[in-house]
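So, here's a batch of structures to check.
What follows is a pair of complexes built around chain A, which joins chain B in one and chain C in the other.
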Partner chain A sequence: MLHKGFDVLVIGEGLAGVLASAAAARQGARVALVSKGPGSFMLADDCIDFAALAPGALDSEDGFKREIQFFLDTAAAAGCEYRGGPGETISVPTILGGFRDVTLAPVYFGGCDPRQLKAVAVVGFPSILDFDANFVAERLSGMARNEASGPTYTAHQLEIAGLSEPPRLEIQFAARFDRDANFRAAVLAALASVAKSMDLLMVPGVLGLNTGTAELRDMWRQVGCPICEIATLPPSVLGIRLFRRFRQYLSRMGVEEFTGFAVAKVWFRDEHHCAIEVETPGRALQLEAAALVLATGAFSHLIDTSTSANVPSNVFVCGGALNISEPRNENAIALVTGIRAGIRAAKLGAGPCGKMTGDWTNVSTAPTAMPLAR
Partner chain B sequence: MIKVLPDFPGPKALGPALERVRKEGIRCETPWLDYCLGCHGCEIACPNGVNVAGLIRRAKLKQKKSGRTAVRDTLFARPDLLGRLGSIAPTLTNVLLDVQPNRWLMSGFLKISTKRSFPSYYSPKVTLKRNGASRHTIFFPGCFIRHNHPSLMQTVVDVLQLCSSVEVPPEACCGIPALANGDSPQLMSDLRRNVEAFASKVENGASIVTACASCGHMLKAEYPRLLHEDPQVAGLARSISEHTYDLAEFLLEFGPKPELHPVQLRLAYHAPCHLKAQGIGRPWLRILRAIPGIQVEEMAAECCGMAGTFGFKQEKYQVSMDIGEELFGAIRTYRPDLGVSECGTCRMQIEHGTGIEALHPVEILQRALA
Partner chain C sequence: MDKTQVVIIGGGATGAGILWDLTLRGVNAVLLEKADLANGATGRCHGLLHSGGRYAVKDPEAANECIRENTILRRIARPCIEETGGLFVQLPQDDASFVTQWVHGCSKAGIPTECLSREEALALEPNLPDDIVRAYTCPDAHVDPFQLVIANVEASVARGAACITYAEVTAIRRDNGMVTGVEYRNCLTGERHSITCELVINASGGWAQQIASLAGVDVPVRCDRGALLIMNQRLVNRVVNRCRKPGDADILVPAGPVCILGTSSVTVPSPENLVVPPEEVKALLKLGAELIPALGEARVLRVFTGARPLYAPKSTSGAGGREISRGFALLDHEQTDRVAGFISIVGGKLTTYRLMAQVTADLVCKKLGLKAECSTDRVPLRCYPDDAAFREALTILPLAVAEKAHRRMGNRLADLVAAIERDPGLAEVVCECELVTRGEIEYVLKDFPIPAQTVADIGRRTRMGFGTCQGTFCGYRAMLAGYRHGKWSAEQAVARLKAYLEERWKGQQWIPQGKQAEQLNLSHELLSVAFNVENEGAGGRHAA
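This part shows the complex of A and B:
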């Protein structure tokens, strides 16, 4: 039936907020996702690293296996498959011609470790100035020489045939790739011309804003070898692509989005009622729910989360808002705590009997009946 | 815009950056101002709350136009006048708007694209019932629904009458076409007329309901901003803004909880930019999903590219279609029975770009209520 209220409100649309929404929705909760805009995860290279996580920073009995599996399933269902898993290391190339070791990386980065291959072509497009194929190939070759192993890297600049006005920004290139079938065919044909006798193509991340894993594999087949897209400067096309895929997935799961306007106030009544006020045109928008997930990142002061006494029992803090992240591990923390917060909030939203015990821990804190703001 | 037109300077340049120069009294006229779709995406994106769209809009209102495009934009700024003229003899109007030689003339003299078809005109007719409901609503249909889609006007009234007594005022235009076409005198006349007509009614407890996302956004967000100078008028504008509801928002807040019959349809939903700019979520998706049998998904696309009268302009037709291609592609892939969107010109663009019929979501709700 028509409803005005929700079971769970999630504030913040970074990795933690998105995963909390997905987790709560998968528990059957009616979720509203409220945010001013996307978080930094969705604008960068989308990789997640657990190796830098200090032991004991978060509780886990199984090395975060369940949370990582949940993330892999969610990403795959959203149409952007990830590689990796607990204890694994994936080497992801960067636009500076180096490698970054991570635990989880999207399949956009190719299906294999480039360093295990024989011949890799680094391909640039002259109008995309942020990606210098010669520089990347030179640096990678230097590294291979020093390590006395690895493939030969060759640099190529590809002119796209019949293009009067080449796209200058990565996002323009990607949008045209989605929109213009001739352009797409010309780009893929140009890539295929380099792919002969190559094991992998490295290209800047520009192959479409809407490309999912299935389309990606189609492209690899069409070109004749796997393609590794390298994330360019934020907001990278890869990040935007992932963000759009997740948004679409959440929408399909029935999560309603309230984006573009900041949350001004949080109210708390008792352990089954909280509400927020959003600064929208005309009237402020008020949303009510049983539980609230606070995924506002490290710089928000919506609720003082510095001491657990300030946080009511149906408010679940996760991600950067926990203020326990380091730049190297913040995505891992967002992943684990976002999923836990979403599940706990949904169980609370479903009624008191669903209250969780010690299984998903350390996200939020002891109950206090303290009104927040006003 | 920047995705399809690499030369477009973007909202930051057209708004805040050029404003520094304009503030010095230096004229910075540029045709790029007319490529701002007025979608308010820049405002939503700005983390610091800069009123980017407002700066662009102000520059646009001051910019002088000349020649045939000036005549065209003067006409486009007055859809209510065109509607009133057109619906005197609607059959004749519709024939004239459709015949090819006339379209060539309009293209030659007024630079209106021959590739678009005009919506048909009808004499506006609506039947109201007295139902004794305590809540009173003013249904503000806007020019498109009033002059081009009167059956939708009746549908909205029928649904609203399930929970309120309804009036449909004779005032038609919210002013957004004048704003978009940079026509300051017409804009101020639209605003003043509506404030005079509605302010006392809303202060006596009536709610204004719109079924067009652009009218809704204009009344909610732009009236207080455009009418801020005179404190008394500003207060009235704020009252209007506070009491305006999108139809779905109103139904979820105050509507009945009726029994909904199954409707077997696969729907592609497009959220208009001016709905997103209202920040009220996706209330129609919530309602449509409550109807048994409905399968509905929001299309992963941004602006449809139509932007009211923008897509009718000859020099902007291709850009409009290029922007729309993302939405058209998403709809074609989804293969729906129908498209749905709460904006009239978004629906026109969907039909033009995909050949798939597009309805207002309340027309689906009406089937579920029948």
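This part shows the complex of A and C:
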């Protein structure tokens, strides 16, 4: 059995787990992040909507200003700038040619409201069959007509020059965009040919799996106007991209990741010691820490969190595992509770513990309930 | 104004069977259906081609009809049927005297059965409970009701008949006590049309009373709702029945990659807007687990429900759903109500649809003064293509995809192969559960004799969205295909996708709990983000 000691253990790698790890690491805690895989946030379009959060659903004195600022700073440090803030509304276009209103959106969406512009080109690539530029442009134009305002939308199909076998899937397209400099140059040249006299290009989200804000701005300069990437069917390239960026950031912050494994057992010795056993295919792995953040989402029930009696005070539940999410607000809840759980866990972890205690196998007292990190 | 000899109202198995029977006898007929083919009870059943075993004790006549029709259909509708075979299983708590009666009933009705010991039965179906007493084989099978109806209509149209879907009959014209034609409305466009004819056949199942009232006639029909659960895998490879007096949740039918457990029996006022209470789902699962214990842990993919249209003349009005005969009634309203040229065919069951069509067509011919014999028991509904087309398909499609397309498309497979050779992108598998290619979807949108008008129509023609994922991304892809073919404008396409998703989610909201409910919640959330259909209608916050 291999033992490792930390200040904070985070279980779950969705938005809540990632932010809890980041928050704890920023407090100086030694953090281990354990997960079976990415959470659902990473499958979708990266946007966060606070308007769907009912007043009073979570405690807040300042309208979540501090948590939102922490998120904006973390995302920027990870290389993915966000737009928006408390009380703001950003409209991001969808593959159905409609708009989705959110509070926070990554700069992949072009950083502007398309409806305030004059000329927008909707660009498709013929090999990407699950995005149809004509369809999106027709619907957006219809909406502009109904509202008697908004830009002129035109549809364009771009053949990429000198390409014998065009990538058919969005993820293949994005991977090739990262890997193949000629392909990348050809795509950007094709986009530039449309960009003349346009205020914005709307394209399916396929421009690289690693693209960050800096690369994005470079592309905008090369092409000649801002680019708005639309999230395609899940798992969208935009989600994967953000996930990768966050992981790289956590690694730079010293967070140790144990990805791809389920948690087999949880032990609690007292208010300052807990441990988990990770289901590795090889040698068993036991991780210890002072505090545990449970960010397992709505789809995994590692510990029964339904009642609150007899609860170890060093466990902090956040995100979907709180079971208070409703449609559209799960990301906002994950953001706020994840950051709070990370900070509290780090404070506890900074106490007189962090000492390896060796064999835990005889102290198996799995609790029936957890405190809620609201 | 159009003119024909016979108008058939109702695009279920009965109506489709009548269209085919009349067409083979040389009678001109038009089928009108207010939604899509197989929209009523036909498309909302187990898909069980009865051997007759279920009726062997209580209704020997129905049992005999079933085994005769079962034998005929396995011959003439081969591509629509999976010959799974069936088992009737006796559990320790089941009444042994019923089993004796059952064996006797089967032998009298002509249903071939063979007694299997506990060990033999468990070797065939390892998911049966270990303590079963014995089991009997029978020729039960799975029939795809959508393919069956479509095959009937497709074959009829190929011989000159007509079928109009989304055509709701609004009036039956009469002159001097004689039916002279019908008026109908296109439900998609609102346009009104009429057809002049000599005879109108009411084959509208649960809607028969409503249609009959248009001719001023009362046809008493009792709608008996049954709920069915689609389970996430084939827990059995044969139809498994409980060998006791028929009751709830005592049949499990393997259907493609899934299996279907049912059913219940609740009298309802109308065949529309049916709802399944969560207690009913739980009760069905509990009963089902007595027969196949693995049902207790399996995931429910979807709950669906339909209403059996039972013929209920006044004398049986006090009886419960299962007491009323599952037999059918042919009503000549010239005899009973002095409305000449109007015939209703009500009751019955999927397995005997061909026989119902035959007796109806016999009456039609008598009235038209024609001497034409029924030949639907001899002429195959859908031909398999020659081997060359299938071999060709195998060079461009994976085996499993080619085989499924082969069954569904019959001798039109060569067209699909030719289309894929022109455009290799059409080989892409859009529905990964039922292995439906983009080419097949484009075919039912464009070249099919009864083209798909909605996204759900595409599913009924190809089985897209019918498999284990119950329609996640395929609906969007099919919608785009419809848009690209100029079938729908972007706005119409989105309206159709919305309707499709609402229908899918309706069947999923009745799933009580557990992993599957969580899984569906996740897919619902992801699609809500990608499409935003639930919030864009109001124009979002921006417009406000």
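As a working rule, the second predicted complex is superposed on the first by the 345 of 374 C-alpha atoms of A that agree within 3 Å, B and C clash if a C-alpha of one lies under 4 Å from a C-alpha of the other, contacts with A are read in each partner's own complex, and residues count from 1 in each chain.
Everything below uses one rule, namely that contacts are C-beta pairs under 8 Å (C-beta built on N, C-alpha and C of every residue); 3 or more make two chains touch, one makes a residue touch a chain.
Since the structure is predicted, the reported quantities are computational estimates derived from the model, not experimental observations.
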Clash or fit (per the criteria above) of chain B with chain C on chain A: fit
First (chain B), second (chain C), both or neither touched by A:168: both
Touching partner for A:106 - first (chain B), second (chain C), both, neither: neither
Chain B versus chain C as contact partner of A:251, first or second or both or neither: first
Where the C-alpha centre of chain A sits as vertex, the angle toward chain B and chain C in the overlay (nearest 10 degrees): 90
Partner chain in contact with A:95 - chain B first, chain C second, else both or neither: second
Which superposed partner A:115 touches (first chain B, second chain C, both, neither): second
Nearest-approach distance, in Å, of chain C Cα atoms to those of chain B in the combined model: 9
Contact residues of chain A, present in both the chain B and the chain C interface: 168
Residue ranges of chain C in contact with chain A within the complex: 425, 428, 438, 473, 476-477, 480, 483-484, 489-491, 493-494, 497, 518-519, 521-522, 524-536, 539-543
Touch list for chain B against partner chain A, complex: 2-4, 6, 43-45, 47, 49, 217, 219-221, 241-242, 244, 251-253, 255, 257, 260, 276-282, 285-287, 289-290, 297-298, 300, 322, 325-326, 329-330
Footprint of chain C on chain A - complex, ascending: 40, 43-45, 47, 51, 89, 91, 94-101, 115, 129-130, 132, 134-136, 138-139, 142, 147, 168, 231-234, 236, 298-299, 327-328, 330
Chain A residues within the chain B interface of the complex: 1-4, 32, 36-37, 165, 167-169, 171-172, 175-176, 178-180, 210, 244, 247-248, 251-252, 254, 256-262, 278, 280-283, 285
